[in-house]
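The structure follows.
The chains carry the letters A, B, C and D, assigned in the order they are written, with residues numbered from 1 in each.
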Amino acid sequence: MVSGPTRDAVIQIVDYVSKAIELISDSEKDSMIDLLLNARKEGRRIFVVGAGRSGLVAKAFAMRLTHMGFDVYVIGETITPPMRRDDILLAVSGSGRTKTVVAVAETARSIGARVVAITTYPDSPLGRVSDLVVRIPGRTKLAVEEDYIVRQVRGLHEPLAPLGTLFEVTTMIFLDGIVVELMHKLGITEEEMKEKHANIE
Amino acid sequence: MVSGPTRDAVIQIVDYVSKAIELISDSEKDSMIDLLLNARKEGRRIFVVGAGRSGLVAKAFAMRLTHMGFDVYVIGETITPPMRRDDILLAVSGSGRTKTVVAVAETARSIGARVVAITTYPDSPLGRVSDLVVRIPGRTKLAVEEDYIVRQVRGLHEPLAPLGTLFEVTTMIFLDGIVVELMHKLGITEEEMKEKHANIE
Amino acid sequence: MVSGPTRDAVIQIVDYVSKAIELISDSEKDSMIDLLLNARKEGRRIFVVGAGRSGLVAKAFAMRLTHMGFDVYVIGETITPPMRRDDILLAVSGSGRTKTVVAVAETARSIGARVVAITTYPDSPLGRVSDLVVRIPGRTKLAVEEDYIVRQVRGLHEPLAPLGTLFEVTTMIFLDGIVVELMHKLGITEEEMKEKHANIE
Amino acid sequence: MVSGPTRDAVIQIVDYVSKAIELISDSEKDSMIDLLLNARKEGRRIFVVGAGRSGLVAKAFAMRLTHMGFDVYVIGETITPPMRRDDILLAVSGSGRTKTVVAVAETARSIGARVVAITTYPDSPLGRVSDLVVRIPGRTKLAVEEDYIVRQVRGLHEPLAPLGTLFEVTTMIFLDGIVVELMHKLGITEEEMKEKHANIE
């Protein structure tokens, strides 16, 4: 059984995600799923973008979309095709202010693509350029007080999840939930996903 | 409040991580932290490797190590230097059978580096070539029964966390816990980490 | 007009490529083009792999194949699908000994894919596991003597193209030649390629 | 001996690079080398950025800088640290208009870094935000006429080097020339570079 600050942090993160899920809007989630399903039905492409750890979370979601047979690409990778009108850009940025992510979203918008932002700040530059914002609660809202108590008790001085950790982990798990809902709606089995999983890596 | 299979899946994943943390060995965690701290003290390098979503989780951890001032590199990226005797390779693979990851671990071992495996299977090819295995519980152990009950109730046919999801998310959160313990042991503040965070991305 | 060692090196590299092209086998080139065209006709996929600068050259070729409408993927990128029987793996390695590249080629072969090696050494581990080897002349064959003379005259001590430079540049230009031949055979215009070029980057 | 359009294209590319090198400014080259050498002497970092094939060329140069012991990073990779005042950003873009590259250069400038642009267009958005422009001749200047003649003779309709090919190849070889001049000025041997080359890839 893991103990020490590692344990405190894991419990804090898990607790945060449990509460955060209660605060994510069901209609925002449903709108995102509808956009993805419509894109799939109409042969339109999904592009993902994000920087740093948010970019890794975006890629983790893109992999699962690939496993479900979506036509998905990562901005900046080798074989990424041009974006077209009505394609979808899924942009992940906690602050909504990451420069290159905002630049990509603006270009996507000018092409006529639909931009979905996953961010804590709907009123950020990314949020404002997006057609749909899925709001992921930020650390300040939920974690600070409890974080403080745990740290007092344990004699820790720094937060139990530094920088964007809570946003990144919450987004990763939320998107893994979206994957399950898409599987359900499309009738895709885990076995079928395994068949679309890279076999050389 | 998010509902539907997305909600079920998030709750299932969060629940899984809470239980998994009870099953991760404290002494394996401590050994891993000691290896990282010693490497840092003696100016040795840490390399990370992983494929697919496990590779993304490895990179997410590498970013935080960078923010704490560790000398860390990702196998396969542009500026990665040669590995030397006594450097550390952190290899992430749920199955412990990913071909290129095992090949990298074997080469690292032959160079005289210390290999730390994060895997569900200590007896896998990766586990056997490693100096230290940190065992992350696998889906079969914990999730299957409850998963089955939730799915019965909700009329879902497929698992609430397909393929390697539970391993990947558990590993990501566990490593984020390790980050907090390293901050604590090294007396590094969040503010100091922010100063080492990329400012162009 | 650039002068100094930069100039000497550029002239040496250019001169090397001019001679190397005379030594690349026309039938190996034709076989490679046939494999690519047949794959395209039959809806089979092309995967590329390479490490270090050879990997960058492989990606540069993959981009152009994308621009021509080939179904091409890079091993290790986010959305890479599984390889199937009769797909093609294009593996670039000057030495033919790069561990992960050889591991990928072996797996590809075991799946029943056709492996095309671009290497200086047909008798290397990569060469031996490949269905087709396109041999790119190595530095020792062509460059050493002239290199020596230029360096004597200019007072330079080190080669004018260190490490794998001559292999990498020759391969890049040779593959750019293959692109033109594919355009010609398929009747693809530059304008059509521009339309398939990423518009967000 | 390779024949057909592949041969024509290789000869055309090689011929282009030979002429282009005569048109690159020696003082721009010298200024770039001075900036790199000063950065090295004063412990400042070099960052590279580029999109698509230009980005691959930037990475190929970054690898060689690593082999020579420079402190170099690629924008967007996992372990890239923050940029500081007086660090150097080397930005590669033929058109000088690639959105994310310009955004990165602008941010670098605002941080107080020195921006070196490698581009065909000094008067582009990238060129205008740069401290130093190294101008690489563009296709229109040199290649069009001869290209036309070769294609007439050979019955080809499309250019022998589509899209940015001539810029990318010329830049790659020019930067490989810079590597040799840096080796010369720093007294670095090929053997020393081999020791800094990744040994796991």
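Remarks
Keep this in mind: a residue touches a chain if its C-beta (ideal position, glycine included) is under 8 Å from a C-beta of that chain, and two chains touch if they have at least 3 such contacts.
Bear in mind the structure is a predicted one, so any value in this text is a computation, not a measurement.
Looking at A-C and B-C, the interface holding more C-beta pairs in contact is that of A-C. Inter-chain spacing, taken between the CA centroids of subunit B and subunit C, is 34 Å. Here the spacing of subunit C and subunit D, counted between their Cα centres, is 19 Å. For subunit D, residues touching at least two other chains, in rising order: 51, 59, 63, 76, 99-100, 104, 107, 197-198, 200-201.
If you sketch which chains touch which, every chain touches every other chain without exception.
If you check the complex, the residues on subunit C that touch subunit D are 1-11, 13-14, 17-18, 21-26, 29, 33, 51-53, 56-57, 59-60, 63-64, 67, 98-100, 156-163, 165, 168-169, 172-174, 176-181, 183-184, 188-190, 193-194, 197-198, 200-201.
Here subunit B touches subunit C in the complex through residues 51, 76, 99-100, 103-104, 107, going by the rule given at the top. On the side of subunit D, the complex with subunit B involves touching residues 47, 59, 62-63, 66, 72-83, 104, 107-108, 111, 195-201.
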